[in-house]
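Order as written gives the chain letters A, B, C, D and E; numbering starts at 1 within each chain.
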Amino acid sequence: MRLLVSDLTHRYDDLTVLDGIDLALAEGEILAVIGPSGCGKSTLLGIAGGIVAPTAGSIRVEGEVPDGCLNPITFIFQDFALLPWRTVEDNVALVLEHHPLPAAERRERIEAGLRGMGLWEFRKALPKQLSGGMRQRVGIARALAVRPAMLLLDEPLSALDAQTRELLMDDFLELWRREKTTALYVTHNLDEALRLADRVCVLSRRPGRIREMVTIEEPRERRQEPSAQAHLAAVRERLWHLMKAEAQMADREIARA
Amino acid sequence: MPDSLPVNPLVNGVSAQPVRFRGGGFTVKRHPWAALAAFAALLAVWEGASRLGLASPLFLPPPSAVGRALAGMVTDGSLWLNLKASLGRIAVGWVLGTLGGMLVGFAMGIFSTARAVGVPLVSAFFPIPKIALLPLFILWFGIGEPSKFATIGFGVFFPTVIATCSAIDSVPRNLIRMAQSFGLPWRSILRSIVLPGALPGILAGFRITASIALILVVAAEMIGAEYGIGAFVLMAGNLMQTDTLLAGVLVLSLMGLAIGTVLSLLERRLLNWR
Amino acid sequence: MSAAQAQAPAQPLEKATVGVLALSSSGPIFIAKAKGYFEKEGLDVDLKMFTSAQQVPVAVTSGDADFGVTGLTAGFYNLASKGAVTIIAAQSRDEPGFPLSGYVATKAAYEAGLTKPADLKGKRIAITTVGSTFHYMIGILGQKYGFTVKDVTMVPLQDVPKMVAAFKGGQVDAILAPSTVSRQLAADGAGTIIGWAGDETPWQLGALFTAPKTIKDRRPLVEKFIRAYKTALAEYHAAFNGKDASGALVKGPGYDELLTIIADATKQKPEIVAGGLPYVDPQARLLVDDVVNQVKFWQSEGQVDKTLDPKSVMDLSFIGQ
Amino acid sequence: MPDSLPVNPLVNGVSAQPVRFRGGGFTVKRHPWAALAAFAALLAVWEGASRLGLASPLFLPPPSAVGRALAGMVTDGSLWLNLKASLGRIAVGWVLGTLGGMLVGFAMGIFSTARAVGVPLVSAFFPIPKIALLPLFILWFGIGEPSKFATIGFGVFFPTVIATCSAIDSVPRNLIRMAQSFGLPWRSILRSIVLPGALPGILAGFRITASIALILVVAAEMIGAEYGIGAFVLMAGNLMQTDTLLAGVLVLSLMGLAIGTVLSLLERRLLNWR
Amino acid sequence: MRLLVSDLTHRYDDLTVLDGIDLALAEGEILAVIGPSGCGKSTLLGIAGGIVAPTAGSIRVEGEVPDGCLNPITFIFQDFALLPWRTVEDNVALVLEHHPLPAAERRERIEAGLRGMGLWEFRKALPKQLSGGMRQRVGIARALAVRPAMLLLDEPLSALDAQTRELLMDDFLELWRREKTTALYVTHNLDEALRLADRVCVLSRRPGRIREMVTIEEPRERRQEPSAQAHLAAVRERLWHLMKAEAQMADREIARA
């Protein structure tokens, strides 16, 4: 599934947070979005997923929805958004309930999702009994249960420990290899972006504009290999530089304010 | 892999379709005219039904007749006389009941023991019909104003207790733990966390108790009241003067509307953080 | 009449409902029902119990009851003035020697000189409601002793328990209350009975009424009902209203049986019922002058429409008056 | 820099003091005996006051007398007769009022237009006193059961509307956005998000409306009721039989207690996620 | 201020999350705590700060409270815990309100905190108008406003972008240099631990036990220098290894469950 964003602008009351964003995601592409805190990354994601109405501009998708996909464009939320009154397994079941699935498949999807996230033991627990990282993992299991054609990820790993994050990134990559899910991946972690993304979109400080679009030439499969390190280091350096410039400008503006 | 800028073959792809907007709804928008229109429609239907003879004027006098009765009350000054008498009773009774109820409700919301004792006591005492207790009120408080304050006050007290207590339950516990971790004294936690966190529920309770206070003014003015909207309504009912009766009821409705509007303003003011 | 009696057993009974208060003043209706006088007339009469006199004419107006028997209030005349109800026969009346409503003075007021009904002028008196029978009784007491209701302070307290509470609490000087309550207050030592309304101001306390529409559309039904009612009235009168030469009440034929019927219907103890049985006219004749006086009184109080013609509230053709 | 294990000079430091526990409180613990103790104390004080002549037995008969009257009602079967009549009325009236109120409350909580129309209408109609309207209720609904259902139903309807509507306001909006993003149909969002999210507020509303229904059974049974706890209380009042009157009131209290207990159980059951 | 934890055990109902923890923090020491998601890190912090009552064991502090310190042991929460009904500046003001401070100092502390976090522009905003990262920065500003003697930080930077995180770490280091604040720093980011901590405590998977205590020998000031990189890399390798072992064991357990 492809995503086309053109000339997108968004304002909350009179605070402009996104200004003239143009983006195109190819089938199966993973685009990482980085940018200073508060620049409008979550807002962009919300617009792409159709739950925030943009002030101006258009956002379109194109392409076929694969078999078994129940919700083509699917979110993984920064604030988890779990139902506090449902157990872990029922939180996952929620997004399958309104689809006519055979009971066995429904069960199978839930179990696969929870086992994959290491939450099977906790399937009967309520959200209040989970740690922050565990809650995020429920959110991921829930999103994967609908077999999305396009994932919108809002800092999905920020609440996780380094090791779990590592394992989950492996899982994501596995998923992408299998399903070719297109993804818009908001993160503030350059390592994640360098590990997962095909391209990295650097947003400027608010109002968010596309500061630069950086393509990572090295194919994802080979990025762990020693030969790739030089290129990755260069990209990292570049991203770092761009971000630093933004942050400093923000700092200067704030000092003036 | 596509280039980084929008000049991209896909942009002109034929099959591209806009992402369907799935959000929206479940927010409060204001429609200031809708209510006026609704009231106007209601009046029109009511008057129409009367004109067409669908409702006997004895059973449901038309708004014009009720309006005439109300106008009569205005011109002979009895409206103001009755209103003045009732407003004082409602205000004092409501304030007393609300203060007491919030005090007890806070205690029950905060202390487990108070709750363990309070919940069953409230369950047992709330359903006691005030009409049955009026003789006791007369004995204890006389037939003057105190017994009227008591009637309204008790009626307001119990719903306030329940609303306050359940509003406190809905204050997020992590905020309280945060405040404790900063060493905020207990009173500050109450004032700065529990009270504002419980405010939405308490205000919803006010909506209920304000109306109850208006209803109970009738019960209160059963106790030898010479003037008052309640006494007026009772007398009209006893004399089967339905137009006057409805005029009195209309006054109560308008008071309810006024209080409701004030509460809506308060909510918009105090709960803009939601 | 003979035709009706002949038909009665063969035909299915005609249904009718009557709204009553669970008080001994409705005794004749209870008797007519219990002893089958309605059935004899071919009627299946259903009793609807109410707790306040105001509701009975309303139920007749709304068509929930075909007939009603209860005390006459300003509210009744207001309904009558709108053409909703018409008096067709008498119910009980206040008569000398029949203690129904007592004037009771509090101990303090009695000691301060409130010893007879004439002294009530200028005092605070607890009554049920404005426009009630008690209100009128004070009105006619004033007519007798030369004061108006403006000269007393009537404290409307809606019902007996509140009146008693205000009385006991010394909030009023006197109370005008049903005999049971009056006697209880006197027995408690809380007050002194200074007179009975029946002795001071005999008047037409209650009436049997129906909707004009019923008279128009179902005249035979009304006739049958009244016949049964009058049979019961006569029996009641004979049992309870007889006096000996000294003027004291004596038990008439069927006293115990009828008393049991009334006690059952009112869910009260027979001895309590016996103490407050009102006088009824055996032919159901109405004190027409008093009814006219009532209407005029309410009109002067501004509580009944001035345009109401007192004669128009009655249709006495059924009792031949 | 210290070593990694607890064998550390500081552990034996003289000045070390425990970290003061600052959390705790603001949670619900159960004290099953507290309520019983409170009721026992209350009864003792009441009986004592009567025995010592502090309260007039005519207006506040001692609990023993009330108990005797209650026992009398049990043995002569009148308790069951009256209770049966009232229970039906309360149940039907409450259910009707609650269903209607929740329907309207949901509509008002969800649709801005419904709210714009509904809030002022509720403010205007809620304060209409049912006692004053009894004559009109008879005219409109007759003297049978419908007018009794209407009296209780209307009394329950308005508080339910308010409680439901404000409970819906307190459902976190991010959960609704989440559900929308997963394409949940509108009805599923209502059933799976809005309804359970609003449940705490709705249950608190039930506590209020259940008691209101019990109170209103007295008003309802003012209208031509032969049997019923309300009619019983009214009749006892008219005959100045205070002990019987209080026995009737006690029955209402016990019903309130029973309903309150059921609601507490429900809350523990349904709201264990908080 | 020094912290002494001895033989600490904690259970939620019948789930044991911490088991026999012994810890000692020296004056001015920064101890990083890492461990798998759900192993009890937040719980440990809660106990150290006195807002969770431990099932068993003792937790003590010792040492002088510096001048101007209003709340010796202060939290920075994982879930921000901002009052939704207060503006940004009033959220910070909250923790000063019950102290008898001159109005000028109060104002000065609030302003310094907000400017330091780049939130001065947003001082009148409500939490609902902030992005996740901005909310966390309010939480940090609030904690610093009381000039704590000991900070308990629960993944304080996890919601922030890389660059802001970098700047904030600099700020923290500056603070520590100045104030010698003792800190217990829960994180899932090895880089943060390596940059800030004196020692790193590795917790095992639930029930959390101290798996190992790793001391970083290189002084904090010199860690950016090239000469330090070898040692840091070695420590990193070691931590990584420990975490991986824990995660794998957890994985195996889950698979068996």
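Keep this in mind: contacts are C-beta pairs under 8 Å (C-beta built on N, C-alpha and C of every residue); 3 or more make two chains touch, one makes a residue touch a chain.
This one's a predicted model, so the numbers in the text were calculated from it and none came from an experiment.
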| item | value |
| --- | --- |
| Chain connectivity with chain D absent, coordinates unchanged | one piece |
| Distance in touch steps, counted as few as possible, from chain B out to chain C | 1 |
| Shared interface partners, meaning chains that touch chain A and chain B | D, E |
| Most extensive contact between chains (C-beta pair count) | B-D |
| Cα-centroid distance, chain A relative to chain C, in whole angstrom | 84 |
| Geometric centre distance via CA averages, chain D-chain B, whole Å | 16 |
| Approximate Å spacing (C-alpha centroids) for the pair chain C, chain D | 41 |
| Intercentroid distance (Cα basis), chain E paired with chain B, Å | 46 |
| Per-residue overlap in chain D, given as positions that touch at least 2 other chains | 22-23, 56, 59, 134-135, 139-140, 177, 180-181, 183, 237, 242, 245, 274 |
| Per-residue multi-chain contacts in chain E, two or more chains | 46, 49-51, 73, 79 |
| Sequence positions of chain C contacting 2 or more other chains | 54, 58, 61-62, 161, 164-165, 168 |
| Chain pairs that touch, as defined at the top of this document | A-B, A-D, A-E, B-C, B-D, B-E, C-D, D-E |
| Sites on chain D touched by chain E in the complex | 1-2, 4-6, 8, 10-11, 13, 15-24 |
| Interfacial residue positions of chain D with respect to chain B in the complex | 22-23, 25-32, 34-35, 37-39, 42, 56, 59-60, 110, 112-113, 115-117, 119-136, 139-140, 158-159, 162-163, 165-166, 169-171, 173, 176-177, 180-181, 183, 194, 200-201, 203-204, 207-208, 210-211, 214-215, 217-219, 230, 233, 237, 242, 245, 248-249, 252-257, 259-261, 264, 274 |
| Residue numbers on chain D that touch chain A, as the complex places them | 174-175, 177-185, 188, 192-193, 196-197, 199, 271-274 |
| Of chain A, residues touching chain E in the complex | 12, 15, 34-38, 41-42, 78-79, 115, 118, 120-121, 129-134, 137, 155, 158-167, 188-190, 240, 243-244, 246-247, 250-251, 254-255, 257 |
| Chain B residues within the chain C interface of the complex | 58-59, 134-136, 138-139, 142-143, 222-224, 231, 234-235, 237-241 |
